[in-house]
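For reference, chains read A, B, C, D, E and F in written order, and residue numbers begin at 1 within each chain.
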Amino acid sequence: MIENLLDPVVLFFLAGLIAGVLKSDLRLPESIYEILSIYLLLAIGLKGGAELHESQLHNVISPAAASIVLGIVIPVIAYFILRRLGKFSRPDSAAIAAHYGSVSAVTFAVVLSFLSQIREPYEQFVTVLLVLLEMPAIAVGIFIARLKTTSGPLRVGTLMHEVFLGKSLYLLAVGLVVGYVLGPHGLLPVKIAFVDLFRGALAFFLLEMGLVASNRLADLKRVGAFLVLFGILMPLISSVLGCVLGVATGLSVGGTTVLATLAASASYIAAPAAMRIAVPQANPTLYITASLGITFPFNLIVGIPLYHQMAIATHSLLG
Amino acid sequence: MEKRKLVTIVTEENIEQLVINDVKKLGAHGYTSVSASGEGSRGTRKGDWDLNKNVRIEIVCDDSTAHAIVEHLMKTYYQDYAMIVYLADVEVLRPQKF
Amino acid sequence: MEKRKLVTIVTEENIEQLVINDVKKLGAHGYTSVSASGEGSRGTRKGDWDLNKNVRIEIVCDDSTAHAIVEHLMKTYYQDYAMIVYLADVEVLRPQKF
Amino acid sequence: MEKRKLVTIVTEENIEQLVINDVKKLGAHGYTSVSASGEGSRGTRKGDWDLNKNVRIEIVCDDSTAHAIVEHLMKTYYQDYAMIVYLADVEVLRPQKF
Amino acid sequence: MIENLLDPVVLFFLAGLIAGVLKSDLRLPESIYEILSIYLLLAIGLKGGAELHESQLHNVISPAAASIVLGIVIPVIAYFILRRLGKFSRPDSAAIAAHYGSVSAVTFAVVLSFLSQIREPYEQFVTVLLVLLEMPAIAVGIFIARLKTTSGPLRVGTLMHEVFLGKSLYLLAVGLVVGYVLGPHGLLPVKIAFVDLFRGALAFFLLEMGLVASNRLADLKRVGAFLVLFGILMPLISSVLGCVLGVATGLSVGGTTVLATLAASASYIAAPAAMRIAVPQANPTLYITASLGITFPFNLIVGIPLYHQMAIATHSLLG
Amino acid sequence: MIENLLDPVVLFFLAGLIAGVLKSDLRLPESIYEILSIYLLLAIGLKGGAELHESQLHNVISPAAASIVLGIVIPVIAYFILRRLGKFSRPDSAAIAAHYGSVSAVTFAVVLSFLSQIREPYEQFVTVLLVLLEMPAIAVGIFIARLKTTSGPLRVGTLMHEVFLGKSLYLLAVGLVVGYVLGPHGLLPVKIAFVDLFRGALAFFLLEMGLVASNRLADLKRVGAFLVLFGILMPLISSVLGCVLGVATGLSVGGTTVLATLAASASYIAAPAAMRIAVPQANPTLYITASLGITFPFNLIVGIPLYHQMAIATHSLLG
C-alpha cells in the first residue's frame, strides 16, 4: 500500500480530499473537470487501442466473456444485498447496483499507473475489458428497476443515447478505434499529448476528484451506515469474483489485478447519467455518495494494492 | 407595449433538453438558458460534477402557454427532479414574436 | 422602496459591447451581463462557437430611460441581429443609484 | 397560483458564501446563483481576475423574508462592497416550498 | 487520401463529426474551444516565426505578392458567382465571398501536419503567407457590400479592431514576432508546450471542430443546394489559382500545396466576426454553414491530399 | 535587461499588455486564468519540494528567518510611507502594505526562469522562502488595519481560511510536500506535465496577465500619482533589504536575487482575497492597481534584471 501512496496520482487525490474536508477555498472551474475527463477517456482509449494493435486477439476472448459475466452477475448480487439486507426501495437498489456493476475509467487508469509503478506486467488488451464492463450492468439495473414499477414510458431513445452515445463510452471507443487503426507508430505525432502527459493530467484530475469526493462526504449521514458499509464491502466481493475469473481465464497477475479492480470499481459518469433518466425515482444522492464518496476513494487508497495481493494469492492457489 | 408572461425554470442540467422539447411542444417560440448553481429542498447543487449542475431557463410567452408549461412541468418532473418554476409579468414590443 | 424598471436584453454576444455603450449613452447607471444560450426566430444559439453565443443583459433604470433603451435597440438591432427585449417592474432601495 | 417575492442580488463573487449564509439565516429556503459581470458605481467588473467577478443570486421567498434580506444586506454590505438588490413579484405553485 | 485519413488529427475530426451526427451527448465546454484556438494560433505563429528566423527572406517576396493577389481576386470571383449564378443578395454574396478569400489557420495547420506526415518539404516562410491572406479579402468583401447599400455609418473603429486586432490576426502576429525574435534556440524553453504538444492539441481541437461542424449540417437545407455546391467547387477553383501562382512564384511542391490549401480554405474566425459587424444585413447562417459546415470538412478530408496531387501535376506542367 | 526581454515568458507578457492597451478583442476565458494559476502554484511547489529533497536543510534556517523578518518589516515600512506621506486612510494603507509584504508566485517563477536563462545557480530551497513570505505580511496588515478601526466582528474563521487554506498557500504547500516526499525520482511520471511544460504554461499565463494588468491601467488616474510612484519605489526599497539580508544569511548571488525579487514582489492572489474580507473598508481598486497594474509589470520587465545586478553588487560589497 505504501508503493501506492507514493504514486503522485494518489497523493494529489488525497490533497484534494483534504482541501475539501478542511473547506479550503480551492475550486477548479467546472470546465476543467469536463475537459480532463474527456481527455482522460480519449487517452485511455488511444493507449488501449495502440496496445491492442500489437496483441494476439484470440487471448482476449475468454477474459472478455468473463467481463460480461461480471457485468451481469455483480449488479444482481448488489441488488439483492441492497434490497433484502439494506431494505432499499426497488429503484434505489437497482440504480445503485448498476453503478457497482459498471466501471470507473479513472480507477482503471490508476491501477495501470500502479502496476507500471511496481513493474507488474499485464495483458495489452485490458482496455477492451474496461469497455465491455461499462455497459451490461447499466442495462441490468434498468431492467430490474422497471420490472414492476411503472414510471411512465421509458424514454428508450434518450436512454440508448445516454448509454451507447454517452460521452464516456463514446470517447473510450473513439480512442480505442483510432489507436488500433494507427498503432503505436501512427500515434507518434500525438504521443506527447496523449501518452507522456497522461499521468500528469491524471494527477491534476484526481486533485479535482478529491474535492468532488469530499463534497459527497457531507451526505454520508443522510445515506446511512448500511450504504457506507456496502460501499466498502461490495468492491471486496466483486474483486474476489474478478480475481477468480481472471485466473480462470488465464490472465497474468497484472491482468487479474486489473480485472479485479474493474469489478470493484463503481461508475460515476455513465451510470449516474443513465439512471437519472431511466430510473428517475431513484435518489441520486444514494448512488453518488456510495460510488463517488466511498468506493472511489477506498479503491484508490486501499483497494488497488489489496487487489494486487489478492491476485497474487489467487494465482498461487488456482493458477 | 403588450403584456406577456415570463416563465422561469430552475432545474437539473441533465434534463435540460427534455424540458426544452416539452416547452416547445407546448407552444413557446423560444427560450433562454443560463447555467446555474443553487440550493433547495433537494440539497446543494454546486455544479462540481456532471449530475450536480443546474440550468436556469426563461421563456417569454402568452398567459395560456405559461400556465400550460407550469402544469406540465409540475406533473412530469417535480416529483423526481430538482426543479422550481415561477411566473412574472413582463412587457414586450413585437408581441407577435412571443 | 421605490419603483424602477428592469430591462432585460438577450442578444448576440458579439454585439454586447456595442449594446452596452448605447445603453450607457441613454442614461443607464449600470448593467449586469450573463452569458447564455437559447433559441428563437433566428434559430438555435448554443454557444458552441464564437458567433453563436448569447448574452443576457439586465438594466435597472427609471421608466423613461427604459423606454428610450427599448426604442433605440428595436430600431438599431432588431432587423439584423438575434435580440429580444422585455420590461418588468422592480422595487429598489437606494433609488438614486438607478 | 400564489404570490411570492423574487429577491435579486448582484454582488462580488468573493462574498457569495457570506451572503448566502446570511440569506439562509433570514429564512430563505433556497437560492439560485449565476456568475455574472457588469458595471456600476464601483466600476467595471469584467471577471478577468479573482476579485473582479460578480455573482447574480436569486431568492424566491415570502414578503417579510424578502424585506428582511434587503434590509440586512443594505446595512451589512452596501457600504463596502459592490452590490445591488431589487425585488419583483412572482407567482408560484407549491407555495409551501418558498 | 489514405495517408491523410491516417493522420490522427483527421480521425479525431471525423470522430467529432460522427458524434454530432449521432447526437452523442459529447460536449466540450465553450472555454476549451476558445483556449485551444488561442493556443493553436500562437503556436502556429511561433513555429512560423522560428522558421522565418532561419530562412532567406528575399524568397518570400513574390509568393507574398501572389498571396495578396489571391486575397483580392478570389473574393471578387466568389462574389460574382454568388450574385449572378446564386442570385444571393449583395450583402450575402459579399460576406460569403470575404470568407472564401480569407483563410482558416486550422486548415493550414492540418496541411502542414499532412506534409510532414508524407515527408514533403515546404518553404519555411509559409506562415507569412497565412498572415497575408487573412486580411485583404475581408476588406474587399466589406467594400463590395457597402458599395451601394447604405446601412448606417460604418463603425470603422470597431471594424478595424475586429480585423487588425481581432484575436486570430493578433495572435498569429504575436507568435510570428516572438518566434522570429527568439529563433528556434530562444524558443527552447517553451518548445514542449508550443511545438511538441501542438499536434495533440490540434487533434483535440478538431474533435471539437467536428462537433461544431456537425451542428452546422442541420442548416444545410436552409441554405439551399447552390451554396452547398459552392462550398465544394469554390475551394477547387481557388486551389487551382493557388497552384498556378505557387509554381509561378517558384514555390516547391510542398509550398505550392500550402498556398493552394490556403486559397481553398475559408475563414471561420476573423471573417465572420468582421462581417457580422460590418455587413449586418448579411445572413450569418449562410456564410457559417458554407465555411464551417461544408468547405472546412471538405478541405480536411478530401481537399488537402487532392491539392497535393494538383501541386505535383502543376509542377510537372509549368515547373 | 536584454536577456530578460528575450525570455519568451516576458515577451508573452508584453504581448498581452499591448493587446490590452490596443483594446484587441483578445480575451482568455476566466477558467483558463484559474486553471493556469492553480497549475503554476502546484508546479512551483512540486519543483521546490523535489529540490528540497536533495538539499541540506540546515542552510535554509537563517534565510528562512530573514524571510519572516522581511515579511514583517516591509509591510510596516510600506504602511508608514502610505499613511504619513501618502495620506491614505488607515485601512487603505494597511491593505496596500500587506500586498507589498506578501509575494507573487508568478514573479518568483519568472525570476527562476531568468536565472536559469542566464545560468546563474541558486539555492535549492528558495521555494521555502516563497511559502514563508506569503503569510506574515497579511497578518501584519490585518493587525494594523484593525488596531483602531472597529468594523464589526472580524470573521476570524473565514479569514483564517482565506489565508491558510487560501488556494495559493494551500497549493504551494501541497506541491512542496508531495515533491519533497517523492523526490525527483518519484516525480518522474508527472515530470513532463509539471516540469517540462512549466515554462510554456507560464508564458501562456503571462499573456493573460498582460491583459489583466492592462485593464488595471485604466484606473491609474483614479489612484493618483503618489500610489503610482509607490508601486515603483517600494519594490526598490524592499529589494535592497532583500539583497542585504540575502548576502547576510549566506545566500549565493542567485539566491540573493530570488530573495530580493520576493521582497520586491507584491501579492495579487492571497493578499487581495484576505484583505477584501478582513479589511472591507479598504478600497480594492487601490491595492489591485498598485500590485497588478504597476509593481507586477515593473518587476517582470525592469526589476528582475536590476535585482540581479544589485545582488552582484551587494555580494562584492558585503560578501
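Operating definition for what follows: contacts are C-beta pairs under 8 Å (C-beta built on N, C-alpha and C of every residue); 3 or more make two chains touch, one makes a residue touch a chain.
Model, not experiment: these values are computed from the prediction.
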Smallest number of contact steps required from subunit A to reach subunit F: 1
Maximum centroid distance from subunit D, chain identifier (CA atoms): E
Classification of the subunit C:subunit D interface as same or different, half of numbers criterion: different
Whole-Å gap separating subunit B and subunit E, where each centre is the average of the chain's CA atoms: 40
Interchain centroid distance [CA atoms averaged], subunit D/subunit E, Å: 46
Intercentroid distance (Cα basis), subunit C paired with subunit B, Å: 20
Residues of subunit F engaged with two or more neighbouring chains: 27, 29-31, 192, 197, 273
Shared-contact residues (touching 2 or more other chains) in subunit D: 34, 88-89
Category of the chain touch graph - line, ring, star, complete, other: other
Chains grouped in pairs wherever the two touch, ordered by label: A-B, A-E, A-F, B-C, B-D, C-D, C-E, D-F, E-F
Subunit C to subunit E touching residues, read off their complex: 12, 14-15, 18, 43, 46-51, 53, 80-81
Subunit C residues touching subunit D - in the complex, by the definition given at the top: 1, 4, 6, 20, 24, 29-34, 60, 88-94, 97
Touching residues (chain side subunit D, partner subunit C) in the complex: 8, 10, 34-41, 54, 56, 70, 74, 78, 84-89
In the complex, subunit A residues that touch subunit F: 6-9, 11-12, 15, 19, 22-32, 113, 117, 192, 196-197, 199-201, 203-204, 207
Complex contact set, residues of subunit E against subunit F: 29-31, 34-35, 38-39, 42, 161-162, 165-167, 170-171, 174, 178, 181-182, 186-187, 189-194, 197, 273
